[in-house]
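There are two complexes below, and they share chain A, which is joined by chain B in the first and by chain C in the second.
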Partner chain A sequence: MSAAEEIVTEAPAVEAVPKRAMTLGYGTSLVVLAALILIPLFVKNFIIFQMTMLLIYALAVMALNILTGGSGQFSLGQSAFYAVGAYTSAILMEHAGMNYALTLPIAGIVCFGFGFLFGQPALRLSGVYLALATFALATAMPQLLKLGYFEHWTGGVQGLVVTKPDAPFGLPMSQDMWLYYFTLAVSIGIYLASVNLLRSRSGRAFMAIRDNEIAASAMGVDVALYKTLAFGVSAGITGVAGGLGAIAVQFVAPDGYTIQLAISLFLGMVVGGVGWLPGSIVGSAFIIFVPNIAEGISKGLSGAVFGVLLFLVIFLVPHGARQIAIIAQQLAAKFKKN
Partner chain B sequence: MELFANQVLAGIATGAIYACMALAVVMIYQAIDHLNFAQGEMAMFSTFVSWQLMQWGVPYWGAFVLTVAFSFAAGIVIERLLFKPLAKAPILTNVAGFIALYAIINSVAGLIWDFTIKQYPTPFGSSPFLGSQLISTHQAGMIGITLLMLALLFFFFRFTRVGLAMRAAASLPESARLVGINTSWMIALGWGMASAIGSIAGMMIAPVVFLEPNMMLGVLIYGFAAAVLGGLTSPFGAVMGGFLVGIFENLVGTYIPGVGNELKLPIALALIIVVLVVKPAGLFGRAIVKRV
Partner chain C sequence: MRSTVRIAAISAAIVAVAATSTAAFAQKKYDTGASDTEIKVGNIIPYSGPASAYGVIGKTEEAYFKMINDRGGINGRKVNFVSYDDAYSPPKAVEQVRKLVESDEVLLVFNPLGTPSNTAIQKYLNSKKIPQLFVATGATKWNDPKNFPWTMGWQPSYQSEAQIYAKWLMKEKPDAKVAILYQNDDFGKDYLKGTKDGFGAKAASSIIMEESYEISEPSIDSHIVKIKAANPDVLLIYTTPKFGAQTIKKTAELGWKPLQIITNVSASVGSVMQPAGFDNAQGVLSAAYAKDGADPQWANDPNMKKWAEFLDKYMPGADKTDGGYVYGYGAAQTLAKVLEMCGDDLTRANVMKQAASLKDFTPDTLLPGVKINTSATDFAPIAQLQMQRFKGQKWELFGDIISGDVPSE
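And now, the complex of A and B:
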């Protein structure tokens, strides 16, 4: 409780991840991609729908990963950006009659602006304070969406129903399957853009801020600009994910975007490995399937099973899926030698 | 003017709830430098334990003392088992741990005591206090208990060896270890005390919001708001912050048109953000100066 704490260099909140370690190798990427393309051809529509949600949440988890793993800032408020993206898409489709594919970039831009503006006050906060401020944003969002003032647009508590698009050009595909491939294409595009972003000058600036803010500013990095920019990019991607989510679920309502969602996305990032972009899909699988598995193990205790599984992940593989991937790589290398 | 005075009084009455919770939040923040998102659930679980004891025929104050002792022990056990191994882990991992703890406690309480709303007794009665309709004897008692806890904490930190050791461990762990303080156990003690304070808060709050596994969620958010407003480094600030949030909430609801019940929560949250941006140290907290 002393007035001045002597901290020479504060330990970074997020462990430094070198940018090469942020992505998968070429071969592995192709295998994963092939699996993502081929699996839907052989499974039922419901599973295709679940895989679509898997991709959508993976996008949102990746967005958080860029913010936290890239620039070292926290957010427990991603559900707010997700909600804004979902509502933007839904309102444009239902009230303005716009094509679903065109609404996504707009959702992204709106959320980018929102995230950039929210990043301004967040600039002054770090660590637990930032977690708290974003937590506040996420908790307030459903209430704001319910406001009578916007009810004409948002449909208030009832929300909005969104029509699911048909496959274009008369392709012989079910709606679910078309939407899956559409989502996959969008996801791959955003994934590639994100990887390139983190490898670029801006990405290096993010990482410099994450590792040591003072050193970064001494090197000429505009800390305020890049921090808000990271918020904006993260919010923009989350917004696109939200828009896709609205189309896939065919419904938006305030209670779909509670703090629960923000916490799930956060957990997805921790499980997938902070700062490892491919881990996002593992994290996304964790938050979609593990609650179901937990329910399967014990109906009354599903929350407890979920919590215990989470603790196991934290204790056994604190770096999440990334750690497993590294171990697997080492084992493979050993195997080759023999 | 009478409306104003009444609303302030009503605000103080609700603020007492937040003050209780904020005190527990600040306590743990002092010990471990993290906000414990599971704090509310721990308090809820303790409250259920006391309710169960009373169902078994233990008188109120007996159950009260047993529950506080139980919570103190449980807080230490949780720290030793789950969070001591995470002490060196990044802050993210710790937050994930708190969320896991939250899920576990909430679900276990739901399984043992189910999700129906239960009445919870108050030792102070619920008749009007000094003839005022706005504040009941229970709420007055709650304010009294909060202030009493605050005074005890002040004396503990100011005048006992253990309190001094805890302060040292919190502010300069390295130097504290050099003079022979077991900082690891000081953290465990901080968890125990936060848990015990939380259990008292829970038992005071339960007669107002009724007992059920999700009773603490809203209270915890207001508790955070109060703690941030008063300053996360100051127990006194936390209690004052609690009262201020209560008063603010009531006055805004009365005087600003269009703010019904539905907007009360966003307003508390807007308050958090405004305070964090304008004065991150809070009203009574000390700004932490870092040497680089």
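And now, the complex of A and C:
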């Protein structure tokens, strides 16, 4: 075995995270939930729209977190799953006239199947090689969406315009606010399901594979099945996020789902803390708001400013938001003791 | 000389007095984004990402309004130009436009760039009744006042340009056998449709071949070889710049000399003609609506002098061969004209009304004879172009200004 191969096989994919550390305590969860429910009542529609996008990207980041933090597999191809979900919803709504809420589970199932199938060849790859394979998927997706064969449904380069749903039952709510609460409900549901998944037998199997594939297989875990399953679940959640994104933005086009999006999601996961699900929302906030802050500092050098900010975060808190949460917890404990 | 100055001064004074006196009587009306002292104009443009080369347009417009403000503003109001980066991504475009409208509270959104971004924001802006004025894309669909009364284009549409080529060919080469090479996307297809419409009944007999390529193909040599085999005598090159250069080069390499017409988008001397080889590009035709900032024939043109002075003062170090400076200046000047026409009625409805009543307006940067005309049913401001032929190392204009108005769908 050459030295290079040794390094590749020995590099631990992700630092092991005990499963209890993957979630927030009840008290903190309730505070965050209350904030998410109450804030929209007091802010402008534009902020509500941004918060909707925050939740949507948080879902996509969390999906990646389950894959990477849970089962230890890398993916730079999440934008492709996101795009498939977005297009599934958009096409069903605009061509089949389906209700927006019904399109989401379909988007999820389609993406689950897509991710599961993609997981099959990906089984043979690990670490950086898997990252590259998924990268290829992300670069191919925008061009596939432009293909003439699908143009009748996808609208080609022009994309598809999606109608934004009104609040049902005549609720006195703006479209934005309704969509926000709808997204919030979906997000909470998926978050709870994900937490339970990771605490279940399957979740333990994911983490066993992440920590040591050979040991997991020796203990009777079907490595191939659970690895592809992790891909499927991750892709399914990303697909739902994509569908919600299409409804919120009211438009899908190939240019919205480039490799840039996949890298943003990856970035969000690292900033939020790999393997820490609540960090997803922090990561999502980072990828939505920091570019705007960077642009505010310098328009011409927004990319460079963003780079500097990102560098600072990685340098000061390499484990992302999770590290800050742990420090805060320790401080709180000390405070209680005194 | 002195007397003309005096007359000018007196008439200016009279106009000023007249203006102030009418202003005193006229009811001042404002929508969000306008006040006695300020007009807030929003814009999105890719300053980063794959299309960041267009960012120069946004910077030029910002500088132009700075110049306007230094000269006292428009009807005494300063223009506050707020421009955000959308990175050529439709979801980002929606976010930034909503920020402009709901957080910055602009009066209108001006010159947002790119077909995908504009499609993404069109429905939103129209439902909020906010002008989406002079969009920076050549797609034909922006001229649709019936369905989208708050959206208006600016530059000639790809279809009207293609119609002009067809009209010119029917007149100059009525028996031409035409082959079309086009990019397989909305851009190429717009050109294809325009050509067919331009030929009308003669389309079937004139166009002997339609060959498309994908933007992802590294080289289009094989397509050229295939077209040559059909032996047309006119080749219409409906491509983006990179492929335009490849086409001109390949036809020369094959020793084939059809009459070639290339899109205005790919008519750049620096990024197409030079890489294709000046020798190979001799005699290639195209059409233009704006003056070329690098062309010495405009060195003494008083209007282009104004443009050059503006660049020297407000954007020192600007590369004058970059078409973005010409484009941004012309578009900004058009908006300034519309806002001036609005007078003290700065409501969104009046902005659209005035934008739809431009009569023979000529920004400094347009070719002599090209005029901006709009009406309640015509939301395509520039619809005229002039043919040009590549000679030596630059384009030479010839023939009349041709109009290629595409009726709204």
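To be clear about the criterion, the second predicted complex is superposed on the first by the 328 of 338 C-alpha atoms of A that agree within 3 Å, B and C clash if a C-alpha of one lies under 4 Å from a C-alpha of the other, contacts with A are read in each partner's own complex, and residues count from 1 in each chain.
We take it that contacts are C-beta pairs under 8 Å (C-beta built on N, C-alpha and C of every residue); 3 or more make two chains touch, one makes a residue touch a chain.
What you are looking at is a predicted structure, and each value in this text was computed from that prediction instead of being measured.
When the two structures are aligned on the shared chain, A:168 is found in touch with neither chain B nor chain C. By the touch criterion defined above, A:214 lies against chain B but remains apart from chain C after alignment on the C-alpha atoms of chain A.
Put chain B and chain C next to each other and count what each touches on chain A; the higher total goes to B.
After overlaying the two complexes on the shared chain, residue contacts for A:302 are found with chain B and with chain C alike. Of the two partner chains, chain C is the only one that A:258 touches; chain B does not reach it. By the touch criterion defined above, A:189 lies against neither chain B nor chain C after alignment on the C-alpha atoms of chain A. By the touch criterion defined above, A:156 reaches chain C but does not reach chain B. When both complexes are overlaid on chain A, the residue A:146 reaches chain B and chain C alike.
In the overlay built on the shared chain, the residue A:105 is in contact with neither chain B nor chain C. Residues 143, 146, 300, 302-303 of chain A touch chain B in one complex and chain C in the other.
Taken together, the chain B residues at the contact with chain A in this complex read 30, 33-35, 82, 85-86, 89-93, 95-97, 99-104, 106-108, 110-111, 167, 170-172, 221, 224-225, 228, 233, 262-263, 265-266, 269-270, 272-273, 276-277, 280, 286-292. Every residue of chain A that touches chain C in the complex is listed here, in rising order: 44-47, 49-50, 53, 143, 146, 148, 156-159, 161, 245, 249-253, 255-256, 258, 260, 291, 295, 299-300, 302-303.
On the chain A side of its complex with chain B, the touching residues are 1-10, 13-15, 68, 74, 76, 121, 124-125, 127-129, 131-133, 135-137, 139-140, 143-144, 146-147, 214, 263, 266-267, 270, 274, 300-308, 310-311, 314-315, 318.
Interface of chain C with chain A (complex): residues 47-49, 83-85, 87-91, 94-95, 98-99, 101-103, 115-116, 119-120, 122-124, 184-187, 216.
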